[in-house]
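You will see subunit A twice below: alongside subunit B first, and alongside subunit C after that.
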Partner chain A sequence: MIGLLILPAALLIILIFGTPLIRYIWLSFHASSVITGLVPIANKGANWQRLINDQRFWQDSFQTFRFAALSVSLELFIALAIALLLNQKWRGRNLVRAITLLPWALPTTVMALGWRWIFNTPYGPIELIVNLIGLDQFNILSNPNTAWLATVLGDVWKTTPFIALILLAGLQTIPQDLYEAFKLEGGSNKEALFKITIPMLKPYILLSILFRLAQAFGVFDLIQVMTGGGPAGSTESLAIYAYLNAMRFLDFGYSSTIMIGSFILIVFSSIFSIYLFNKFKNIQGYSR
Partner chain B sequence: MKPKVLFVISILISSFTFVANKSVAKTSPSKHINILMPAPFADSTKDLINKFNVENKDNIIINVTRGPLETESVSDLAISSLMLEKSPFDILLIDVTWLPKYAAAGWLSSLDKWITQEDLNKIAIGAQKGNKFKNKVYRWPFVADMGLLYWRKDLMEKPPRTNNELIKISKELIQKKKVKYGYVWQGRQYEGLSCVFLEVLYGFGGEWLDENGAIHLDKQPSINAAKWLKKLIKDGITPKAVTNYSEPESLQLFESGEVAFMRNWPYAWSELQKPSSVVRGKVGVTTMVAEIGNNPTSTLGSWGFSIIKTSKNPQDAFKVIKYLTSIKSQKHLFLKYGYTPISSEIFKDVDILKNSPIITALYKGLTVSEPRPQTPLYAQISDVLQRHLSEILTGDGEVSETMNRAHSISNQILQSAGSNK
Partner chain C sequence: MTLILKNIGRRYGKSWVLRNLFLEIKDGECLALLGPSGCGKSTTLRLIAGLDIPDEGSIYINGRDLKNVSPSKRNIGMVFQSYALFPHLSIASNLTIGLKVRGATESEQHQKVSSILTLMKLEDLAYRKPAQLSGGQRQRVALARALLRDPEVYLLDEPMSNLDAQLRESLRPEIRSLILQGQKPVVYVTHDQQEAMAMANKIAVMQKGNVEQIGTPNELYNSPASIFVASFIGRPQINLLPPESGIIKGIRPEDIIINENGINSKIIYQEWLGSSKLIMLDTPIGELRMITSSNDQIPECPKISWDIKNEHRFELTTHKRLN
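So, the complex of A and B:
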């Protein structure tokens, strides 16, 4: 009976998530490009062979992982600090809570364009500050070694509020009497953070890691606007590569292969990161 | 309460649509022609289209869909619509580089049945290029566009004609502290970089993709062209930051008066004449520089109209194209928005010659302009070139080695496509 009741919802989910996935997997075994007149022709896994030998795919994978790992961990730290601060009672807290959310509410393309001009040489404010200090030009977006850090900064600025919000919600579920009991037993504030707050926040941290990792692996708009994947392809993400193949090169077969390939990578790395996180679980929690 | 409100709203909506449907059905037996244009073109053609719709209200009504501002986003939208079995559009305004790709995908109608050789001959030489695929015309030019060299009339008597002259003048002006930089162009890893490179490449007497489909990126002119661009940055003639510059950033720097030369498209001219521009009235326009013995060459931009294969009224669609590209429309768009005309007649028009200080420069630029390689695989090979040029401009690697790599990857792309045919 219950099975029957969830059937419509299950069907809807299969329809919305399942069909495109199956279609992409199917397409990844076909040549479908401007050369074939966009007619899919089965090519016996040639796309997959090409993917495995495609240096650019692996370089982009590395760059996407690098971007996701650094931005998500930075976001987590900063968001925890913000959440702790916003969980305290002080005047003007509500106003600050609202302001903190602003970056999250801004459309990514708009803020990415903003960052592009902020980092602009010679007119961007960052360049002005660097000049004031008396240093030479910074040129962060023009250097293949540093441009990706600028994109991480843009991502951290935008999505930290999102994690802060999740963690704040988590903080509010921790009963105050736990802290009181802990203090009565002689624990310090610092100890309370590691023995109560963080262990109790674990499910929320896990949730935000999963959410953000999935998003960061699929990063597109921010990078497309800020650097367009350059310089020298140093900021190109898997999503940009898949997009280029589909929309610019009209090579839908190979684009699907890239998408399914990166999907597999993302699933594995998410599982791996949960595993890593669970290893850290051994931080001793406090219980009454 | 809530369901009630919803109910009332839905009744209102349905009655509105009913009324709207009825009124359309009653007053207009006319055919609708839908055009997708990038936002700036949709705005500037508004007057022309309103006029047409009033004059032809019983026959044809033009509906313009205002697309995104950025060129490639328009392409994304167009392609998404073309992927549907039935596109909602009859006409697309397309960029010169999209044509082979769209035509090869089988999305466009050939215009040959409506045009004669005589019509074609009336188009200025440069604008005649980039409209054909496999010897069939698929696109009628609307606005011409080409790379131009902007120079500061107040800092020099005449513009440089050769690569070395440009470097020499730049160095002198920087030394005299007249300007901070000599020459600014578009060095970001994007389509604009391919356009810049192509001009320099022709200036060195080279070629990117020849008529037989062979790539020439490993040849000496290609390597020299890349080396020259790198040298500009290394010598401080071009700011280092140019490797993330597209058109707006270059324009901003030139507008501030800190640079002697800029490579840009014709749109920059009217921007430079605005009151906020420091260099207003101090700017001249000419064709690109080249090595001694080679002709200056501009990369052809240009927009044109194509009719979509699934259009139900291609005949009427062509009438609309004819109207929008008529001499009268071209003049209006040139005088009001600075859109470079495509008919040679307008470049000789006494009125226009008197009123526009740059029409001669535009004509010269158009005459020497060349399209980018015309293959359905252009986007791929341009992407490869952009990546490798960006690597050259931002890294320390050996130029010839990087160009050789770009060459062999481009070759692979073309060959694997050929073997799939």
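So, the complex of A and C:
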């Protein structure tokens, strides 16, 4: 009976999410490029063969992971600190709460342009300050060692407020009397953070990790605007590589292969990161 | 060695929820706080625990002023009215968390937990989470947590309100001996006067943030200091007669007797209470409650009276006791 009731919704979901997925998987086993006149021709997994041997794909995977891991962990830490602060009672808290959310409300393209200008050499404010102090130019966006950190900074700046909001909502579900009982048991505030707050925030933290990892793995617009994947491909993400293959090289078959390949990587690494998080908590002896 | 509350006052905004509160509880003494909802019982406990700060007055344990002692340093065993169990921890971990924080050994933790679980009849539930327990089971865990350590003071906020009558009565003597064997002051909040009389050596009857009377259960019953105490202690309620030359007389239902020379009355209804029965009488001085043995045969229109020495007399305006 219930099965019947959810049928329309289920069909819709399969139609919307399933169709493109299946289409891409199908396409990843076909050559479909300018050479074939954009007509898909089955090529017996040659795309996948190519993917496995594609240096650039693995380099981009590494860069995407690096970007996602660093930005998501930074975001979690900073967001937790902000949420804890905003959960305290102090004057002007509501105003700060509203301001904190502003970066999230800004379109990514706009704020990415902003960051590109901030990091601009030699006219951006950072280089100007560096000049004032009398140091050499940083050339942040044109140095492969620092450019990816700049993109991480942009991502952290934009999405931390959102995680802070999720964690704040979680904090507000923790009843005050638990902290009181814990104090009477002799616990300090610091112990309360690790033995009550974080374990009780666990579902909210998991939600944030999942949500943000998926988003960060698919990062496109931020990098496209800030660095275009450069310098020397050092900030190129899987999404940008797939985009290049489709839109610039017009190789839709291989582009689909990259997309399905990164999809598989994302699923596995999401599962792995949640496993790690659970393991970390068990080591600390929080759950049981 | 005592717990002393000296002239405690606490207000929220402009309204005082506690005022001029003096309490003294000696080691091994159990003081029951009894009073209607909202009279400030929980607030009193929170002040003692340090979870709330008094606006007036001081609290001392063993002569030491607690003003600048944080709650975690007060070593208090408290049952919260809301239980305050940690939802993410098993029952066993809920119980040991305080021992762990204080650095007890594994074997000590294990031994204490298993003995308290047995006492509370919770043995099978040690590895469940609080959400998997019934209300009464949760309350027993909360009680177990407060009794587990050897605190300086026990604060029990309606620790048995959610248990069925049978379990409550079977736990009473054991909890009583457990909290009293610790030779520590106990403050016991309850709505149930029977429980207060069973558990406590002293009862403080509170009303609107004031203590109306403190005394042994006997004193409160036999010489209530005010009309409020007289009506609060004793079930069924005391009969209050219409005021007469500035005096309100109170007479307990169990003190009313059948007497051929007494006043006329007529039975309105009877309530069977087991070994006794409550009879509602219509008399020229108003409706009166009377308690007799279930076996007594009472005529439809009995003549009743009472011994003058069983009368409680109160001043009409102040409601204070006169005799």
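FYI, the second predicted complex is superposed on the first by the 282 of 288 C-alpha atoms of A that agree within 3 Å, B and C clash if a C-alpha of one lies under 4 Å from a C-alpha of the other, contacts with A are read in each partner's own complex, and residues count from 1 in each chain.
The definition used in the following text is that contacts are C-beta pairs under 8 Å (C-beta built on N, C-alpha and C of every residue); 3 or more make two chains touch, one makes a residue touch a chain.
Keep in mind it's a predicted model, so treat the numbers as computed, not measured.
Touch criterion met: A:184 reaches subunit C, while subunit B stays clear of it. With both structures placed on the common chain, the touch criterion links A:175 to subunit C but leaves subunit B unconnected. When the two structures are aligned on the shared chain, A:131 is found in touch with neither subunit B nor subunit C.
Once the two complexes are overlaid on the shared chain, A:146 sits clear of subunit B and of subunit C alike.
Judged by the number of subunit A residues each one touches, B leads among subunit B and subunit C. Of the two partner chains, subunit C is the only one touched by A:195; subunit B is not.
Once chain A of one complex is fitted onto chain A of the other, the partner contacts of A:59 are absent, as it touches neither subunit B nor subunit C.
When the two structures are aligned on the shared chain, A:273 is found in touch with neither subunit B nor subunit C. Contacts of A:215 after superposition on the shared chain: neither subunit B nor subunit C is touched. On subunit B, the positions that touch subunit A within their shared complex are 72, 75-76, 79, 101, 104-106, 188-190, 239-244, 249, 252-253, 376-377, 379-380, 383, 386-388, 390-391, 393-395, 417, 420-421. Those residues of subunit A that touch subunit C in the shared complex are 175, 177-178, 180-188, 191, 195-196, 199-200, 202, 286-288. Of all the residues in subunit A, the ones that touch subunit B in their complex are 31, 33-38, 116, 119-123, 137, 139, 141-144, 147, 227-233, 244, 247-251. Subunit C contributes residues 49, 51, 70-78, 80, 82, 84-90, 93, 97-98, 101-102, 145, 149 to its touches with subunit A in the complex.
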